[in-house]
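Chain naming follows the written order as A, B, C and D, and within any one chain the residues start at number 1.
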Amino acid sequence: MSSVLIDILVSQRPRAWGLWPGRIGSLVLLFVLGFFVILYLRLARKRKIFIRKLPGLDAVDEAIGRATEMGQPVTFVPGIGAIGSLDTMCGLVFLSEVAKRCAELDTRLIVLNRNVLVQPATAGIVRDAFRAAGKTEKFSEDMVRYIAPDQFAFAAGALGTFKREKPAANLMFGAFWAESLELAEVGNDVGAIQIAGSSSMAQVPFFVAACDYCLIGEELYAGAAYIGRDPILTGSIAGQDWGKVLAAVLIALGVITAWLLPGNKWLSNLLLI
Amino acid sequence: MSVEFASAIGLALVVLCAYSFLYKENPFYRIMESIYVGSGVGWGLATSLFRFNQTLDPLYKNPGVYWWYTVAIFLGFFWYAYWSKKYFFLYRIPLSYGIGLSIGTSLYGAVYSTFIAQVTATFKGMGATPLETLNNILIAVGTFTAVLFFYFSREHTGALGYASKIGRYFILIFLGSAFGNTIMGRTALVITMTTELLKYPQWTMIPLVIAIFVVVELLKKIGYLREFSPTIARAFEVPAKSEARD
Amino acid sequence: MSKLVLSDLKKTVPMGIAFVMGIFGAFAYFVYTDPTDAILQNAIVFDSVMGSMGMAISLGNISLIHGKNVQRKRKGWFFSVLILVLMYFSLIIGLGAKKPYLGQQYYGLFDWGTESIGYFLVIAIMNPASTTVMSLLAFYIASAAYRAFRIRGIDSAILLVSGALVLLGQAPIGAYIFGPSLLDLKTWILSVPNLAGSRGCSIGIAVGSIAMSIRVLFGYERKPVLGGLE
Amino acid sequence: MAVVEEKKVGVWDKLAAVDRRWIYLISFLMIGGPLLFPMNLPIGISPETAALFRYVEQMPKGSIVALSMDFGSPLSENYPQARSVFAHTLKMGMKVIIMGMWGQGATTTSVIMIDEMKAYAQKGGITAITEALGKYGERYVHLGLIPQSGTGVMQMAQVGVYPLLFPKDNYGNALETLPFNKAGKPITQFKASDIDLLVCFAAGTPGIEVYREYWWATGICKNLAIGAVGVSVAGYYPLMDAKIIIGIIPSTRGALEYDQLAGLVGGSGQSFATMDSQSLQHAFIIILLVVGNTGTIVATRRKRAT
């Protein structure tokens, strides 16, 4: 960053230090949303919190079971996002459960990676799952493949892998871009049961069209908390719900104000302090 | 032969090999795939080395101030600990740093641009025309119910059931229209590639590749190509017998 | 005893780093002071330098897996040879191409005069391959639409109708057959119900991502940071 | 009994389970056919493209138009849009600045665009464009890549294009040697506020949201327009609704619409034949939907009957 830019930033400040004007509402909201999540993480230790079934999550086990019966591999794609993206992290959480099941059932698992830094994380998770099942010798480096950094070089490699390995189950959780439909269509073509999840809303339509089950948007994050069947993590989903209730209440309040007092913007001003 | 001419021929071959995948997985596609993947990795690495070198510019110019770059470089070597079974844990240091920082820096964006901005954009009352008013109502109702569609800690029955059902319809319209909206862009790409292919000298490759393809398929049908020696069959992953159509 | 502590440190230190960086990164966006601004800028540069150091993992991993394929003469080992050769070849070409050539810019570190081969790699292989592989989507969309858009209930009917209307509104042929009002209908679908649906999803994603961030930062969800627990 | 059933199965069931390769083949013919044998179907004009066109038409001669080339190769959907707007603004006598936040688009693709535009203008005998293209540095400048995308754009708004951001143009000419000016104000003193219209051809991020944040929201330059790729068009309607952007050029279709409005058919490098391909492909997908659903309805009817 050049010194001129820092000067500009400095010149925009009212004082030497303080809270950014326009961001205070966001900060308060972040605290509120975070409070609900942490509250429910605590509450879940004391009592069981009901979470409705997410369609698709139970199907993950079924899909792996089917692959085991058919003697064909399971493929897993943790998205093509960077390691720091939350979608990729959800993908890693799903992978750890999938790898655990595959290690228990002796099913061949193939993980396809695009990002250099996600590759070691996925390798570590799969290796860990096999070690936990006491089958270290069954893990091979070939299970976790790095294909290419270029988006469509990755897609080309993944499509070829699908056609050659003929997976019976194809699981895709993470951040996807234009290659989503290619992966899903070819996976469907080779007859795999497909379960996908993404918060890239531009790609969800294609997953919905070509996969058997799809986790839409927030369901991916909820699914990541739910898949391990850990009661504490599952409980925190109820904290998320309070965030949505808050959003719904804000929308209702804002719309009612706009109808009753046209031109009055107290609520949006409040949120954008 | 000029570089441009060779590139044009190469382009035609690459495009035709890639499209052959639509018919089925075949060695031509696989050759294209391997060349593309290989050169993509190598070239990408060369480019990122260049960018890395650029990032280090301050260190070269002013090592006294930017000495901490060397610390980053040193910690960067920890990535490679993942190959070791004993020192695997070292690799978590750069990993956790990156994850922590990117989660932290994305929080403001998550609250502001995907929550507050979207919520406040819904605050609309009477419009200038009746249609606009209706649209404002629809958007408000749609957003309100679509948010409730994602409510997890209760079964969707009763009032919540109705709301989430309406929200579901809005989300379905969103999914359907996004699907319909994409086709044009993808078709445009096929048009570009086909136009490229129809230029001279690219088009000369079309009959050639199709002829090779047909000949190979015919030879397979007759059973001639089954006679491959095991070494070659293994090297090219050619199936032992002609593949059954599904 | 000491062993136990060490194995704990292997987990707690990374969790601690993630927590500290996460909280700091978040608050540096809300608070302004000279030191935090400077530290945040430098922390991001630090991350990018450290992250760039990991890029050779790709080289190692591909050499390892495909090298083994070749060594053991596994099925399709010829293609592994192809990948390995092309990878090292294009790495050298890429490193050596520095000057612009035929209107293309190159980002080599050294001046080995390999621009013409680099031009071939980019123009003949990588650009067309990337566009062609992307354009396969046009065909997959057709077959996906054929299979998926079947009316089985009210849900799939909504999906089908909204998809078909936008589809028709996009292409000139739609307005040709149904008149310009179709264009208005398409615009209305995109700007009203589509907007509401996507807004709802986006608010959900915001809430979900904040919850996920908290679970990771506060150590309730450890798998992403630890990359395997052992 | 079973034989009767078999006969009833007939066409629809076969169609429902058709090998998808037939779909691929027909799609390919639908797209490739019109390129060889054009039909030249007329196309309607979208209001969002017309809005941008009308805005450019009413701008006075000598206004500054900046094109932000935020996409990759010339094979991209944005390329025809950029060409189309470039041709029109040159013809209308505007002064054009070419820059961008994406490496490839801002440098090599822009060079290709200028070359192809020269060839197009000479071939079509459009002297206004040929003349303008002959005066590099006076009628148009190619500044190249905006360093550090977002921060660079902010710097342009606060400090100006010179000397930190663009000491030299894309060809290495020092900026002070160029005669480019706005009513006597040389380019070295340009700031974002001197730009009368910014058209951002965005394939993704960084894209229009950067200009929106640093230029529009701060009130420095409120005249933004966007050339959008098909996938993201839907997301920009709210922006146009909120009067944040003047107009949208949707996908390659928008480029052709703009050509038609500007009376420069071929200016985008797109022809009506390409739109014929689009039409046929879209029509084919509609036919697929109809066939698929008829098949399903027939199947359910039969199930009920038995």
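Here is the rule we use: contacts are C-beta pairs under 8 Å (C-beta built on N, C-alpha and C of every residue); 3 or more make two chains touch, one makes a residue touch a chain.
Small disclaimer: the values here were computed from a predicted structure and weren't measured.
No other pair of chains shares as many C-beta contacts as B-C. Farthest chain from chain D (centres taken as the mean of C-alpha atoms): A.
In terms of their C-alpha centroids, the spacing between chain C and chain D amounts to 23 Å.
Chain A and chain B have Cα centroids lying 16 Å from one another.
Between the Cα centres of chain A and chain C there is a gap of 13 Å.
Centre-to-centre separation between chain B and chain D, using Cα means, comes to 21 Å. Shown for chain D are the residues in touch with two or more other chains, namely 20, 24, 28, 31, 75, 230-231, 233-234, 238, 251, 253, 278, 281-282, 285. In chain B, the positions touching at least two other chains are 18-19, 21-22, 30, 32-33, 36-37, 40-41, 44-45, 48, 79, 82, 88, 91, 95, 98-99, 101-103, 106-108, 111, 115, 119, 121-122, 140, 143-144, 147, 150, 171, 174-179, 181-184, 186-187, 189-190, 192-193, 196, 237.
Residue positions 1, 23, 26-27, 30, 33, 86, 89, 117, 120-121, 124, 149-150, 153, 156, 159, 164, 178, 201-202, 206, 208-209, 216-218, 222, 237, 240, 244, 247 of chain A are each in touch with at least two other chains. Taken as a graph of touching chains, this assembly is fully connected, with contact between every pair of chains.
Those residues of chain B that touch chain A in the shared complex are 18, 21, 24-25, 29-30, 32-33, 36-37, 40-41, 44-45, 48, 79, 82, 88, 91, 95, 98-99, 101-103, 106-108, 111-112, 115-116, 119-120, 122-126, 140, 143-144, 147-148, 150-156, 171, 174-176, 178-179, 182, 237. Note for the complex: chain A touches chain B at residues 23, 25-27, 29-30, 33, 49-52, 54, 82-86, 89, 117, 120-121, 123-124, 147-150, 153, 156-157, 159-160, 163-164, 201-202, 204-206, 208-209, 216-219, 222, 237-238, 240-241, 244-245, 247-248, 250-252, 254-255, 257-260, 262, 265, 267-268, 271-272. Within the complex formed with chain C, the chain B residues making contact are 3-4, 6-11, 14-15, 18-19, 21-22, 30-53, 55-56, 68-69, 71-73, 75-77, 79-80, 82-83, 88-89, 91-108, 110-111, 114-115, 118-119, 121-122, 135, 138-147, 149-150, 167-184, 186-187, 189-190, 192-193, 196, 231, 234-237.
Contact residues on chain C toward chain A in their complex (touch as defined above): 26, 29-34, 37-38, 41, 51, 54-55, 57-58, 61-62, 64-65, 68, 76, 126, 129-131, 133-134, 136-137, 140-141, 143-145, 147-149, 159, 198, 201-205, 207-216, 218, 220-221, 223-224, 226-230. By the touch criterion stated above, chain D contacts chain A in their complex at residues 20, 148, 151, 154-155, 158-159, 164, 231-232.
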